[in-house]
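Letters A, B, C and D name the chains as they come in the text, with residue numbers starting at 1 for each one.
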């Protein structure tokens, strides 16, 4: 199987999941007479929905770049690799739901845990996928992908699961509503790895 | 007509139908004060929605790989072939509706039957499509597609209709809410055919 | 401007509009105890939503093939041609709304008229587009497109506006809810033109 | 990183955001008996939703052509350029929300300001993106892109931020519900620049 159409399906599902996040943002439903004061109050009180939207959008974009980079190296798709991809996409398509749950019930531990575990699972699948294809480079990878790039990619693939774990830790130790800050370690870790 | 843009439309409709399934997952609507106990109870009681989401996502992904494989062999699209494809896409785009109906009314036989018949129809269309193009291989298929591959593909195309039939049988004989288990025969049958 | 990315945007908007039609199909909201009889009754009474879904899906697919065929001949996109395309896409993206309106209020003349006029406008835009590019073939068309094919395409482009007009006539003269039958003349006219 | 898949993600998110705008158009919910008079009244009173739909659709299409034109010149994507793109897409995906807010609360200044600022931010990001890549043309641009084209593109990139600013000015000085007229300066400015 060629990689081209799997990339097309993946790009489609990522693009749709990232755009459907917007449906979680509630438009206020207040009478026009009181709207001048009620609309700003409504939007302000819904700040967790907006931060969740931004976090989920950027983390999904991060996973998309991970997929992009892996498939830049992968030249051949087998059945198991295809279904590993589709399993990841099942959890990608689930993100609008877990983001909505987490935005609506931000003070509740369970909703933050579901949000973070969703990303943790995607991260682990993409890590497993890379271990799988890089364990058999002759079969799966382009000849130009050397051992250094394989190790470097492995390290980078730990970043998103680590961030989801940090978010989980914040949820449990500090407060569920602050878990989004856990994902701020992503650019820091990536910058550290770049050196 | 070239196959390229038909594949693009197909990839788009599959990606969107697979991602719209998430809109069927209800976010609970309970007051924040009782949410710590009400949200887990709500999610647990909605387990049929989650299993339906997973079943529908994987079965759609299965049909997508079927389409992918057929169009790997097909080199030319005619009017009848185009409209057979579009008829299949009509039922693909219907899956979020039949999944929602089946998740909301899982103990009702009719909703399980509609869910399974929807997949049965897609499976039959893709089988008919293959019989149609493989009956005229000089016109429709790449020269590299030999008789062995045509027969092998025919056998594989029976798997999804058989699974939908098994799901229908479970609905009628055992219980409508358990029909999802019928689709578990897909990997077993595919593995058996691979030998 | 190359035609490639305009085709990608067009394929995306058609695929999404065709799949969003499914959101118009209402899932019944009845208690589980009465669902065994209430669900079938609900679905039966909603038949105009289902016929509307099928009509809108096939007519949109028809417009998509019209676009596909035109851009098979077009080699160059200018500003006016781009914005003519985007105007058509505005009305394509509107179809889920006009289909929903027409399904919910099928006995009301206005809702049938809005549904049919929406398709009439798309049909006229694609006709104007072809008159525009075929009026300056050296600039817009591939060298292989001859006068015969230009005339043939013009005739075929009258089919969808004629069908929308027939649907309008049925709405006004017979009954708004039966306007969908107007689109049945499409395959008849296309078959007649093929001879 | 190649430009191909970033363009695919971008085309996907634009196509979806442009099509999701239709979900903001409310289908009336009135009894069938009174629908013949209530439906037209409802649609007429919702005119700001329809003008907003058209404005947002065309402005998004305008940004899409901006992206298309920039990536016609860009041959290489780096990390910062990728994330600038994704930041723009975050605000593109937000447009269905800000359009819905602005359609529902058109007389309220805040909702018009949010609508216009959303477009202003996208316009500024695409301007910054061009300043960034054109500041290092050897690295980012195709050799065929000369200084004249860089300056011309810079001028064109001011048009959308200027239109959003005009819309903001109309909101504040005249009336929030009339801000859509601000975007009418886009074709005028583009025509003036073409000379």
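We take it that a contact is a pair of C-beta atoms (placed from the backbone, for glycine too) under 8 Å apart; a residue touches a chain by one contact, two chains touch by 3 or more.
Bear in mind the structure is a predicted one, so any value in this text is a computation, not a measurement.
On superposing C-alpha atoms, the copy subunit B sits rotated by 90° relative to subunit C, to the nearest 5.
In the contact between subunit A and subunit B, the residue numbers used by both copies make up under half of all numbers at that interface.
In terms of their C-alpha centroids, the spacing between subunit C and subunit D amounts to 25 Å. The distance from the centre of subunit B to the centre of subunit D, each centre being the mean of the chain's C-alpha atoms, comes to 36 Å.
Counting only residues that touch two or more partner chains, subunit C has 8, 12, 15-16, 20, 23.
Within the complex formed with subunit D, the subunit A residues making contact are 7-8, 11-12, 14-16, 18-23, 25, 27-28, 32, 35-36, 39-40, 53-54, 57-58, 61, 64-65, 68-69, 72. Considering their complex, residues 1-2, 5, 8-9, 12-13, 15-17, 20, 23, 82-83, 86, 89-90, 93-94, 96-97, 100-101, 104-105, 107-111 of subunit B touch subunit C.
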